[in-house]
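Two complexes, one shared chain (subunit A), two partners (subunit B, subunit C).
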Partner chain A sequence: MSDITLLKNKLLLVASSGAFANFSPEQVKEYNDELEHFLLVSTDSLDSIELFNLYELEFYLALISKNDIKAKSVLDRLLDQFGSNKKSQRIKLLQSLFLEATGERDQATKLLEKNPDEMLLSRRLTTFSRNNDDEKDNEDYIYNLIFYLDLQPSDLVTWAELGDEYSKIGHYDKAIFSFKEILLQDPYAYPVFYKVALNYYYNFLQEEKNLKTERKDKLVELSELLINARDNALRCIEICDVYAKSWLLIYIISTHKFNEKLSKLDSVKEIKDYLVTNERLRKLSEIKISELIPEDERANVLAQLQLK
Partner chain B sequence: MITPDLLLDPQLKYWVLLPISFVMVFIGLLRSNITFLLQAPPKLEGFKAVREKQFLRRAASFKTNNQVLTEEEFEVRKQYFIEKLNSTDFYAKIEDSNQDPMSQLTDPGMNDALMNMAKGNVMNFIPQTVIMAWVNYFFAGFVVMKLPFPLTDGFKSMLQNGIATPDLNVRYVSSISWYFVNLFGLRPVYSLLMGGSEADALMSQQQQQSPLPNIGGPGGPKVDKLFKAEAENIQILSHESVFEGIAERVLESYGV
Partner chain C sequence: MATNSSTAAFYVVGLLLLIHSGYSSFEFHKLSIVSHYHGSLPIDIVLETVIAIIIIVIGAITSVSNTPVLSLKGEQINSRSKFLKFIEMKDAVTVIESIGLSDYEELNTRVGFINIIKKRREYSEWLGQST
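Let's turn to the complex of A and B:
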């Protein structure tokens, strides 16, 4: 493959994966320059689908770098070349993004609302209700996400978004439900298993904090959350055994001081099994963590997990 | 016995063999361009129809991947799916079961689909029929070429269609057979001439948009039948969780 083809493939992959959303400012600039140069030199060798995707990427990069003059010019170029199809949802989406970025939110909303069949646009409309000022106040956003999911019950990205939003406000059980929906369609998505495990663990911490009595049934109930957290983390490991965060979670669970309280309850079979494997898992996770995470980062990561 | 070679007039090559090939390539290109122009622009599916399909997909993935759930989660979802699949909550439109089956024929959606199918078929058949008639009319019984390699007698019916000479060497090809060879063999030539990769990309994009059966479309299964069948499948589902003995499994895999 020639260098040009490799560069083209790289840019197309960035465009289709949406990886640019997590770019650092330097990366955005680097890609912007690279893409601009590439489009200048080899527009002719691209077919129309590739060209559209790359223009789209250029538009997003311009928006991210707050260069709305350039964004406008890219948008005009897109309309020039592909505007004959007035129905295109993708072009409308870009137009609405531009309007939103330039502060004309009402017009953007109008553009998105026109046709209820245009699901891509409805999805964008849903994000309008996200309240960026206060992270904890996302009731409207959650309501809208649920409404959208009723229309598109197998939209995985939206389920993930809903799970994250629930997790933010401490509704861990609902977050787990949302993440499980993703797993049902993609049963090997190991980062999602980790998220489920983490939410079970947070749920456990929440319940433990509110624990007033040390009655047996309450403790058993709590231990179930912990066991679920551990099992999901283990499933993540089973699929991808270098997922360091999951090993850390297993380590934290197996060394949690709540386990001491449980040791009084070893008449219950599940708890007895749990405690027996716990010690072995602790040793194994210690070994794996020392393999996977450099020593100077370890304390930092651990602190992050336990702070929540 | 060695049969003496049949002497072919070299003019046959210029006046029969090549014209047939050229005409076929030309008409093939013309046809694909006309088909492209006649193609209706892809219609946006109504959000209710999408919802119906997506719900069915969600139910189907529950059926195949329920091992990621715990026992309680499984039971809750199982009840939910059975209830929803047996209700009409997710139907795109509720059809009257007493409806006259003939009234379906006046459904505009149905008509559009039938029209598209008919257009495609017409564009396929008419040019082929015309070329074949043309070859048959002008070049009936022509032997147009001799293959440069030997063949077994089994190829006789394929290569010497339309000429009644049982003893002729199989290497000679008749005009109508040349037409058939072209008909089936020109696809790579078309894709070369029309820039196949983009067309393929477009095609695959269109296919991606509808991975599910065309519910309620012409010839497609009816939504209530599909939902009922799915509900029955879920009803008899047995559940085995991946979390069963997972700690032991992981520990064993590391030999701890």
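Let's turn to the complex of A and C:
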């Protein structure tokens, strides 16, 4: 397979998965240059669907990298092709993004609220209540997301957004509920199982910080959060056993110092089982982590997990 | 490239054998009519047909070999399975995971919710630092 085809497939995958939305600025620059060069020399190897998907990617990358002139020219090219289709929410979304990015928020709002039946645009409209300066003060945004979910309860992407918003402000129980809504509709979504596990773990850390007494019932209650975190991480691994972050979470849980406190309670059957399994999981997770995560990246990933 | 040429070789050999066996069968039937022979088709023609079909099937299987892909970091990733894709989910997901994505990437990237103002600010800050 030629290098051009390999590159084409990679760029199309980035465009279709939306991976560019989570790119670092370095990656945005790198992909912008790569795509520009590719479109310059290899446009002939693309069919029209591939070409316009790559134009869409070019628009997003240009907009993120503040190259508004290029973003406008790509948008005009897309409008020339699809602008006559007044029902295209995808095109209107691109137009509204351009207007929002260039400071014409009112015009973007007008475009998005024209037809309340256009759910993709209504969804975008909710983001206008987002607080861009302080992510932890997003009550209005959360309220709007819930309002939207009342109208469109099967929108999994919005449930994921709501879960992450709750997680940012430390409402881990509500974040878990949101992620579980996704799992009800898509029970094999292993990255979501990991997110549920992570939020149970954060919930445990939050509760542990507030723990004032070491009463048996309180410790048992806390251990349930850890057990839930571990079980969800294990479910993630059961579906995808190369999901490194989940193995790392299992390692953290199995080596947590709270387990020492629990060892005094081994008269409780659930806790005894948990501690016995923990030892086996610790050994297994150590092996898997050394296989899956390069040594120089391990400390970085570990730090990200324990930041909260 | 090697796979493509071996696939073509399988198809060519298989088709030649199949055409040859077809022509042999045609000749046999013509001769049977002229000589009033009522026996069955000779075993060598049947065998030739079966072998030709087997060779074509092998060619078809080799033509669906998995092609390499580029990961997000630009590394070339080859699938663990040479032909066909994995059926079991736990094996199938390893391919896309090795690229740096997942089948549920949409739930992670959420393009419809992209914070374009924040992304542009981050990019400007990075540009400011790197220059």
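Note that the second predicted complex is superposed on the first by the 257 of 308 C-alpha atoms of A that agree within 3 Å, B and C clash if a C-alpha of one lies under 4 Å from a C-alpha of the other, contacts with A are read in each partner's own complex, and residues count from 1 in each chain.
Methods note: contacts are C-beta pairs under 8 Å (C-beta built on N, C-alpha and C of every residue); 3 or more make two chains touch, one makes a residue touch a chain.
Please read all numbers here as calculations on a predicted model, not as lab measurements.
Asker: Between subunit B (first) and subunit C (second), which does A:P191 come into contact with in this model arrangement: first, second, both, or neither?
Answerer: second
Asker: Pick one for A:K10: touches subunit B only (first), subunit C only (second), both, or neither.
Answerer: A:K10: touches subunit C, not subunit B.
Asker: Which holds for A:Y243: it touches subunit B only (first), subunit C only (second), both, or neither?
Answerer: A:Y243 sits against subunit C, while subunit B stays out of touch.
Asker: After lining up the shared chain so the two structures overlap, which partner does A:K180 touch, if you call subunit B first and subunit C second: first, second, both or neither?
Answerer: In the superposition, A:K180 contacts subunit B only.
Asker: Would you sort A:I64 into first (subunit B), second (subunit C), both or neither based on which partner it touches?
Answerer: second
Asker: Where does A:S48 make contact in the superposed view: on subunit B (first), on subunit C (second), on both, or on neither?
Answerer: After superposition on chain A, A:S48 lies in contact with subunit B alone.
Asker: Intersection of subunit A residues contacting subunit B with those contacting subunit C?
Answerer: Overlap of subunit B and subunit C footprints on subunit A: residues 238.
Asker: Please give the residue numbers of subunit A that touch subunit C in the complex, ascending.
Answerer: The contact residues of subunit A facing subunit C are 1, 6-7, 9-10, 13-14, 17-22, 24-28, 60, 63-66, 93, 97, 100-101, 120, 123-124, 127, 130, 132, 156-158, 160-161, 182, 186, 188-192, 238-243.
Asker: So in the complex, which bits of subunit C are touching subunit A?
Answerer: Counting only subunit C, the residues touching subunit A are 67-72, 74, 76, 89-90, 93-94, 97-102, 104-120, 122-127.
Asker: Can you list the residues on subunit B that touch subunit A in the complex?
Answerer: Residues of subunit B touching subunit A: 41, 44-47, 50-51, 54-55, 57-58, 61-62, 65-70, 73, 90, 195, 197-198, 201-202, 205, 242-243, 246-251, 253-254, 256.
Asker: Please output the residues of subunit A touching subunit B within their complex, sorted ascending.
Answerer: 47-49, 85, 87, 89, 115-119, 122, 150-155, 177, 180-181, 183-185, 187, 193, 228, 230-232, 234-235, 237-238, 273-274, 277, 280-281, 283-284
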